[in-house]
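Naming follows writing order (A, B, C and D), and every chain is counted from residue 1.
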Amino acid sequence: MADLTCELLGHRLKNPVVLASGILGTSATLLRRAVDAGAGAVTAKSCGPTPRAGHPNPVTVDWGHGVLNAIGLSNPGAAEEVHLLAEARHLLDEVGAVLIASVFAGTPDEFAEVAAIVATARPHILEVNISCPNVRDEFGTPFAASGESAALVTQAVRKAVDLPIAVKLAPNVPDIGRIAAAVVEAGADAITAINTMPGMIIDAEAARPVLSNRVGGISGPALKPIALRCVAEVRRAVKVPIIGTGGVNNGRDAAEMLLAGATAVGVGTAVWYGGVSALGRIAAELEGWMDREGYATLDAMRGLALR
Amino acid sequence: MADLTCELLGHRLKNPVVLASGILGTSATLLRRAVDAGAGAVTAKSCGPTPRAGHPNPVTVDWGHGVLNAIGLSNPGAAEEVHLLAEARHLLDEVGAVLIASVFAGTPDEFAEVAAIVATARPHILEVNISCPNVRDEFGTPFAASGESAALVTQAVRKAVDLPIAVKLAPNVPDIGRIAAAVVEAGADAITAINTMPGMIIDAEAARPVLSNRVGGISGPALKPIALRCVAEVRRAVKVPIIGTGGVNNGRDAAEMLLAGATAVGVGTAVWYGGVSALGRIAAELEGWMDREGYATLDAMRGLALR
Amino acid sequence: MHRALRLTEVRVENYRTRSFVFEDGLACQPGQFVMAWLPGVGEKPFSIAASNPLTLMVVAVGPVSEAFHQLQVGQRVWVRGPLGQGFRLKGRRALLAGGGYGVAPLLFLAQQARQQGMDVDVCIGARTAADVLLTEAFERLGVGVHVTTEDGSLGQTGLVTAATGKLIETLRPDALYACGPVRMLEALEKQARQAGVDCQLSWEAHMRCGMGLCGSCEMPASEGRLPGWLACLDGPVWRSDES
Amino acid sequence: MHRALRLTEVRVENYRTRSFVFEDGLACQPGQFVMAWLPGVGEKPFSIAASNPLTLMVVAVGPVSEAFHQLQVGQRVWVRGPLGQGFRLKGRRALLAGGGYGVAPLLFLAQQARQQGMDVDVCIGARTAADVLLTEAFERLGVGVHVTTEDGSLGQTGLVTAATGKLIETLRPDALYACGPVRMLEALEKQARQAGVDCQLSWEAHMRCGMGLCGSCEMPASEGRLPGWLACLDGPVWRSDES
């Protein structure tokens, strides 16, 4: 039986499946539910400086080859998030699972402030979301668009907290490897690759974009080859752990992500296709696949497709 | 019955369906076949300064939600391409269809040279492919990655030829509207949006990328929301015609592309899903859809989803 | 993806409530819902009032529901679904209880129950006679109808629980099925528990994705519901026999 | 996507040719092909020699085909397909003619024809006796086998057309089906046309995508074939009755 355990930034995960940010991460009880369903680690929904209601409906649409969403970073604000995370930490400690907090903001300084507040809840890891595609009008081009702006945010957060930090990158850049190198140089301990790809679904008969925000982020099956390519490019550019995220829907997809060089595997949209239990199913399928293919550990397969 | 005719850079197309570059555009006879199958205009395969064999097999894979390809810009070189295009022009004139040539190169000067050579065959339109994702190792980051480099190529080609030029943009940039504005400022008469999105498909059991080039370009269904979003953003940024390309597989998809602001509709991978006759079928379906929805002309629906 | 469905009939049910009948059917279970999108207006969840042809019943209370009331026969509504978990009929004898638009899914449930030859009674609660909905439709199905109004202008005076309390005793139903305001459901749940009768309750929550992703429809844990219960994914119907 | 299929049998057919039998079947028609990928080596088209279990016959002539010959039972080959248009049996009497690996799809075709109760004869052409392939396999199907070798070391001396010319006259087949080198197919096409017999010819072309996208397998127009004919999409089998 393959050993699924996985070392991530000093923490031991029972398996490499990480609930991705923005999926069911809006409460301590939902984070615990994801762990009970089989995730090795869970990421809370991204939180910003102040409460946001998000965009009006429609905020999601399944367009046949994936999901498009523009939730609009709904969140209770950093102060309230501290309670949510502290409670989550409590519920997760009961079962030995790893908690990843996620933050976003409008300026590097604000990133540092939010990070410092959120860090008081002592999540195990802090994810820095510089890549949400849904709020660009409000915050200008996302920070993930250039190495320089990505590094500025990373530095600011690095100084503000003593937690390990993972910086979450965007796929809509010409060279993600360069951006990964810049944020690692600036102090990132890990990379999460990738956030959703900006897209638009138009309903022909309505003659309108479906989402109220018009533009949203593509996740699910359509994102997988983009994510695999980004993970491979990040793997070649930097040595830090990667949480490979995008389009993982079964154990074989998870294997591909690990073969591309991921340390752990983020899972989001699979929860729509298969319910919350998809998290545990993916881990179980990965184990079965490794047994069949003769891999005893994750290390044995990690990055193998890049040889 | 809806009027499908379409004005593109001074030329009248019988319908807005344009065979995309790289699909069946390797000979005059295949270009003619695409017209006979129903395309209003056809684009030749991109041609560079010298002959290229392209990458070894596998060069394409259908991964379930689209196609990934890294043909590697196989082409006979500019000198030979002139004969191909001249013969194509001859075969297309017989049936009154529009011929679009396509060029790529490694430097702005080389772009100008190739364009000047190819222009001697008198294609109706010249497409400038600054966005092929499959040859980046050889030519560095694609020119489509920044407004500056994209504008340099555009200026060089603009000076070299007196044909209308369409510049073909890439989706893996943070802000495609800005790049469109830069190339239009530099003299582009039209924008083709978009080329494929860079991706990687890994075969888990093989523990390798499927394509010999490892990385390839995503086309087909998975590309559609990316293309619609890019077309909408380009439409907001510039006034020139757009050849909206990416994931169009039926008449309703074509309608969505027009509603997003496209002037004409590029079609490539649909030829795999439905054979060469997909070109004519898409035009016929578009007509049927327009009749049902009460649009008399393409103008009546163009850009409507952006209101 | 949404399907654009044309309206073939708009029925006035009361002063602020209309039923909308579509051209097509939708394979679904009573208690499931759809997200209905009116382009340019918004998208909201609506219980399915009949599956073939698809029928929704909408109370005009705000932007989306009022825009619904502007729709004419021939116009289209964009629908995705069916979503969520519906009711599951059990036994031979069903007691239904609804308030407000909650009677819509119960009508669909009653239809299915009667088709299976079950005995069905429904308690319809409302503020006043003008708010009472669908009594005739239930009667046409051969369902026993018991109306309560708070002001006594129709049927028994009081809340719906006044009627259900008695009927649970006299009919001994195999289960109680209910949809309506939170307060009503809470009272019914207590009543059913005390009487030792299974109950299936359809909860309303703030829904955004409707896909079990965004977390906005999480319900507070209760005696019955587990922590992290999502109305769009695990519900809207909660069954006392599933916990 | 490719399917990774395990080998259950490797049969030596002659000094440079082996048949590879896989664990699984593939629903397909004789004359269709698959793209077979050996990771780290390359991907090439191969005609289907049998569909259930899937069988390919490979002549070792270069990198991919030689890597095939290194494969052992239990190892895997990555296959996508079936691709292209195959043969379509017509009438009661079939004449087959093949050279080199071309006999592989003809064996599959003969099997199908015999199952349908047709009379089948096959002409197998080769340079020398050592190159002759599959005679016993055809005989086991009850097919009349006619061998020609250029050096006369087996069967009739000469090219395959020597045999087919006579058999077209004596058997009056409803169609001639052939796969082999271009020269052979051209000669056979001429022969069939002159004799007024329908023919179906499987052409070899340089294939890259195998999906009708890249244009690399375009065949020059000929008397029969239209301009822009693609071997992977319209072929590899061309039928005289389709033009």
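Here, a residue touches a chain if its C-beta (ideal position, glycine included) is under 8 Å from a C-beta of that chain, and two chains touch if they have at least 3 such contacts.
Small disclaimer: the values here were computed from a predicted structure and weren't measured.
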**Complete:** Drop chain A from consideration and the touch-connected groups become B, D | C
**Prompt:** Along touching chains only, what is the step distance from chain A to chain D?
**Reply:** 2
**Fill in**
In terms of CA centroids, furthest away from chain B sits chain C
**Prompt:** At what distance in angstrom does the C-alpha mean of chain D lie from that of chain B?
**Reply:** 37
**Prompt:** So what's the Cα centroid distance for chain A and chain B, whole Å?
**Reply:** 33
**Item:** Whole-Å separation of chain centres (CA-atom averages), chain C against chain D
**Value:** 64
**Message:** For chain D, give me the residues that contact two or more of the other chains.
**Reply:** none
**Prompt:** Taking each residue of chain A in turn, which ones touch at least two of the other chains?
**Reply:** 63-64, 201, 205, 207-208
**Request:** Make each chain a node and each touching pair an edge, then name the shape: line, ring, star, complete, other.
**Result:** line
**Complete:** Pairwise touch list, complete, is A-B, A-C, B-D
**Item:** Partner chain B, residues of chain D touching it in the complex
**Value:** 1-2, 4, 35, 37, 39-40, 42-44, 76, 78, 80, 208-216, 218, 221, 226-228, 230, 233
**Asked** Mind pulling up the chain B residues that touch chain D in the complex?
**Response** 22-27, 29-30, 32-33, 45, 54, 56-64, 67, 69, 71, 74, 201, 203, 205-208, 210, 212, 268-269, 271-272, 275-276
**Prompt:** Can you list the residues on chain B that touch chain A in the complex?
**Reply:** 63-66, 68, 141-142, 144-146, 170-175, 197-202, 204-205, 207-209, 214-215, 218, 221-222, 224-226, 228-229, 232, 252, 255-256, 259-260, 289, 293, 301, 304-305
